[in-house]
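A, B and C label the chains in the order they appear, each numbered from 1.
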Amino acid sequence: MPTSTQTTVSGPAGAPEPDSHPKSGTGQRPKAVVRPGDRIFSAATLIAGILILLILAGVALFLLAQSKDTIEAQVNDPSSITGGNGFFSYVWPLVIGTLISSAIALLVATPFALGIALFTTHMAPRKLAPTLGYVIDLLAAIPSVVYGLWGIALAGSLTDFYLWLSKWFGWIPIFAPDANGDVSNTGRTLLTASLVLSIMILPIITSLTREIFLQTPRLQEEAALALGATRWEMIRMSVLPFGKSGIASATMLGLGRALGETMAVAMILSPGLLTASLVVSGNQTIASEIAQNFPEAAGLRLSELITVGLVLFVITLLVNMGARAIVAKTSVKGS
Amino acid sequence: MLTTTNNSTTTSRTLTSKQLPKATPWVVAVASIIVAIIISFIAFGGFNIPVVAVLAGLINVVAVFAISASYEGRRKATDRVATTVVTSSFILACVPLISLLWMTISKGGAAISFDLLSRTMLGMKGVLDQQYVAGEATIAGGFYHAIVGTVLITAMACIISIPIGVLTAIYLVEYAEKNRLGKAITFLVDVMTGIPSIVAGLFAFALFSTIAGFIMPDAAGIAKTGFTAAVALSVLMIPIVVRNTEEILRLVPMDLREASYALGVPKWKTIVKIVLPTSVSGILSGITIAIARVIGETAPIMVTAGFAKALNWNLFSGWMSTLPTFIYDSQLRPVSPGDAALASSERAWAAALVLVALVMLLNLLARVIAKVLAPKAGR
Amino acid sequence: MSKQIDIKDLDIFYGDFRAVDGVQMQIKPRSVTALIGPSGCGKSTVLRTLNRMHEVIPGASVSGQVLMDGNDIYGAGVDPVNVRREVGMVFQRANPFPTMSIKENVLAGVRLNSRRMTKSEADDLTERALRGANLWNEVKDRLSLPGSGLSGGQQQRLCIARAIAVEPEVLLMDEPCSALDPISTLAIEDLINDLKDQYTVVIVTHNMQQAARVSDKTAFFNIAGTGKPGKLIEFNETSTIFSNPEKEETENYISGRFG
């Protein structure tokens, strides 16, 4: 293509003219050309590509530029940062809250997502399957703010369940009631937020794994069935091994989504200090900390929130790269 | 081997094996739910949905396995348990999703009116909401300004990201040939796909407030405009467009490009006249999906365009509202506190209905485009 | 129309790998030349170097000369796009453009090369090209329907019509019948016989009977083993190759005692 073409094309201008015969004007005479159309077009696409590089560099750079005040404050006077103990003690609980909620969301969502994907690809009645898949895709498209709205409306009805949890499983720190032996009476706790998060990432993981499962080579499936395998044995023999790396990457993408998901948590959680218990009010995630405070923020506070955003950016970046590494490893093994 | 797979006592090979009647799984499922409810009443003194659900699931699995194993054999029983688990996880997962859709339709449908669609929140006072909740007046306010904002900001985001996204995809597929730049771009598009939406918003805000800071120190506030929001959305939209377009372009058979080259058609013309027309339906439907994705974004808008109460047609100055930020703002910061917050909540649900309908419509449109514009074999 | 092709010391590389080694051939105008040989011997590769289509594959390069009536198509300043306008090509699998009608497919090469045509010129050219490809009678009533709706053999003839519509000097065919049923194959073979009145035709085929039926001269390529370059073993009159070949290797191959 162009590389090899250009090496031969870019010769001296005085190329030997072929003693070509006159022919109905299709302009066949070979001439030394670098076609302007090609040049313009490839340049345009190249510029677009480079623009993407610039945007990404810009994201990191401008976030850093706006974090300058925070960094200076951290160096000169840590007590001026929210919380009064410097930036790290401010951001630490947020990071923990983010990780906990994402982990719970992932733990809850992944098995269900696999179940739905398997059901719609291999178990549902043939006629129904495409429709179900389409519905899942539609659900993946519902804006998170609507999930948030829905979560708020339903949070209250979870308090009974939380009370029950704290009564029977209160000895586990994450279900412990507060000092008065009570749980959040609005239900707007980190556990609620995590559950809504899990429902939000469910369609995304599902539609990704669904695609993978659909790509299982028919021949492999039929080979398993022809050996007398039951449906479940067929799935274990051909579908799941084939989809292994796909499932891993879908899960990781779901995790990335959960980490950065702002609105559902920002709307549902009534934030507070970091606590181990998930059924009482408290805890906060990075994204919702930004969303809840940004509109009123100014000066150093604004810079702090942007710095927190930078932290989130780095975390998601690490998770995504980790995901890619895992996928690269498993897919090499799988092949 | 057949004789070992089924538990039939015969030693000769048979093709038939004992099978449970077709309705068995359903009968067992219903029975398990009833048993679970009974246990819930005895042990916990009431009907507790989560407890019943968990118990019913467990009882069902155990019962199915026991019945099937005793009658059909272990392998068949395992198969049935797997089917049961998968099916019930599907049904269980559908419950919240259906509840969400139902709530949006019922709550939003009850609240929505032409007035809400055609008015803004300009001059909105808490008293009006209190009167409405007390039944003395009809609901005030509306989200016309948010609809306008959504359309303008999304349109601007499209203007920025579609050319960049499509051209980048063309570069990656047609020109990059696995060179280093191509690999770098692919990697960074991957990274961009994972950028949390709020970080995209912060980036756009940081970008424009840095620029604004150079022009006018201490005027970072003017960085919050509809255009800033559009840039934030573009950061989210570009990778989706690149991904979708790239995937579609790679589906265009190499044959067609070669056929065109063999006719003496230059490369760029081959791309413009052969490759793009062949894949136009896929590209457009991918773009529509991307629009549907970003149109519902809240976080990047609220940090870049603020919350406007009035209509603003100017992308380049002043705050703007979109449907998602309107929903967020109405729900969390109602015009009137207390009982009258209900009015704000109703407006939020009405806006949510419009937003969900819009997203669904875009998704449907993507399907239609993919079907209608696809090259047909006219036999 | 129709040109003579002289291939001199042609080596073909994929990256560092030498795929074909030292080909010498002289292909006469208005003749059909068949390239035969086992899979992987480089015959398709040689064919593709005749209109520089091998450059579509990243990393492919050649050394040596390919002269069309004395002009080196690898000479300095030669634009492969112009070469391809002179040297048409038909592929293994019929590949009509799916977005275009039958007529648009025929005119694609001319239109995409931005030549303006009046409607009557376009109609004339369409008819001439389709008649040239023995397809006119079958499709004249449905010129505006998509080309992908035709049968496999018709699609392949449509591709031939598309190739000859740009009025090339040389026509390359890369196993044009390998995906077709015997009846369609016969139609294409008849067409090849007609085409040689106007064009220099070079055809790659796996089917030795086909080579015997359609070609005037035959070139036999072979490969010593995987990883070794393909070589031109023998280039001779078709009748000689199939009745009384000079090389034993050729004899073994055509008599089925391959190896």
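We adopt the following convention: contacts are C-beta pairs under 8 Å (C-beta built on N, C-alpha and C of every residue); 3 or more make two chains touch, one makes a residue touch a chain.
The structure displayed is predicted, hence computed values, not measured ones.
Undergrad: A-B versus B-C: which has more C-beta pairs touching?
TA: A-B
Undergrad: Report back the single chain whose CA centre is most distant from the CA centre of subunit B.
TA: C
Undergrad: Averaging only over C-alpha atoms, locate the centres of subunit A and subunit C and give their separation in whole Å.
TA: 50
Undergrad: Starting from the mean Cα coordinates of subunit B and subunit C, work out the distance between those two points in Å.
TA: Their C-alpha centroids are separated by 50 Å.
Undergrad: Return the distance between the CA-based centres of subunit A and subunit B, expressed in whole Å.
TA: From the centre of subunit A to the centre of subunit B is 12 Å.
Undergrad: Would you give the residues of subunit C that are in contact with at least 2 other chains, written as numbers and ranges?
TA: 56, 58, 81-83, 85-86, 113, 166
Undergrad: For subunit B, give me the residues that contact two or more of the other chains.
TA: Those would be 177, 266, 269.
Undergrad: Can you list the subunit A residues in contact with two or more other chains?
TA: Answer for subunit A, listing residues that touch two or more other chains: 1, 3, 35.
Undergrad: Once bound in the complex, which stretches of subunit B touch subunit A?
TA: Contacts found on subunit B: 1-2, 5, 44, 48-51, 75-76, 78-79, 82-83, 85-87, 89-90, 92-93, 96-97, 99-101, 103-104, 107, 163-168, 170-172, 174-177, 181-182, 184-185, 188-200, 202-203, 205-207, 209-210, 220, 235, 238, 242, 266-269, 271-272, 289, 292-293, 295-299, 302-303, 306-307, 324, 327-328, 331-332, 348-349, 352, 355-356, 359-360, 362-363, 367.
Undergrad: How about subunit C: which of its residues touch subunit B in the complex?
TA: 51, 53, 56, 58, 81-86, 88-89, 91, 93, 95, 97-99, 108-109, 112-113, 145-146, 148-149, 159, 162-163, 166, 172
Undergrad: Report the residues of subunit B in contact with subunit C in the complex, numbered from low to high.
TA: The touching residues are 177-178, 253-266, 269-270, 273-274, 277-278, 375-379.
Undergrad: In the complex of these two chains, what residues of subunit A are touching subunit B?
TA: 1-3, 35, 37-38, 40-42, 44-53, 55-56, 58-59, 62-63, 65-66, 111-113, 115-116, 118-120, 123-124, 134, 137-139, 141-150, 152-154, 160-161, 164, 199, 202-203, 228, 230-233, 235, 253, 256, 259-263, 266-267, 287, 290-291, 294-295, 302, 305-306, 309-310, 312-313, 316-317, 319-321, 324
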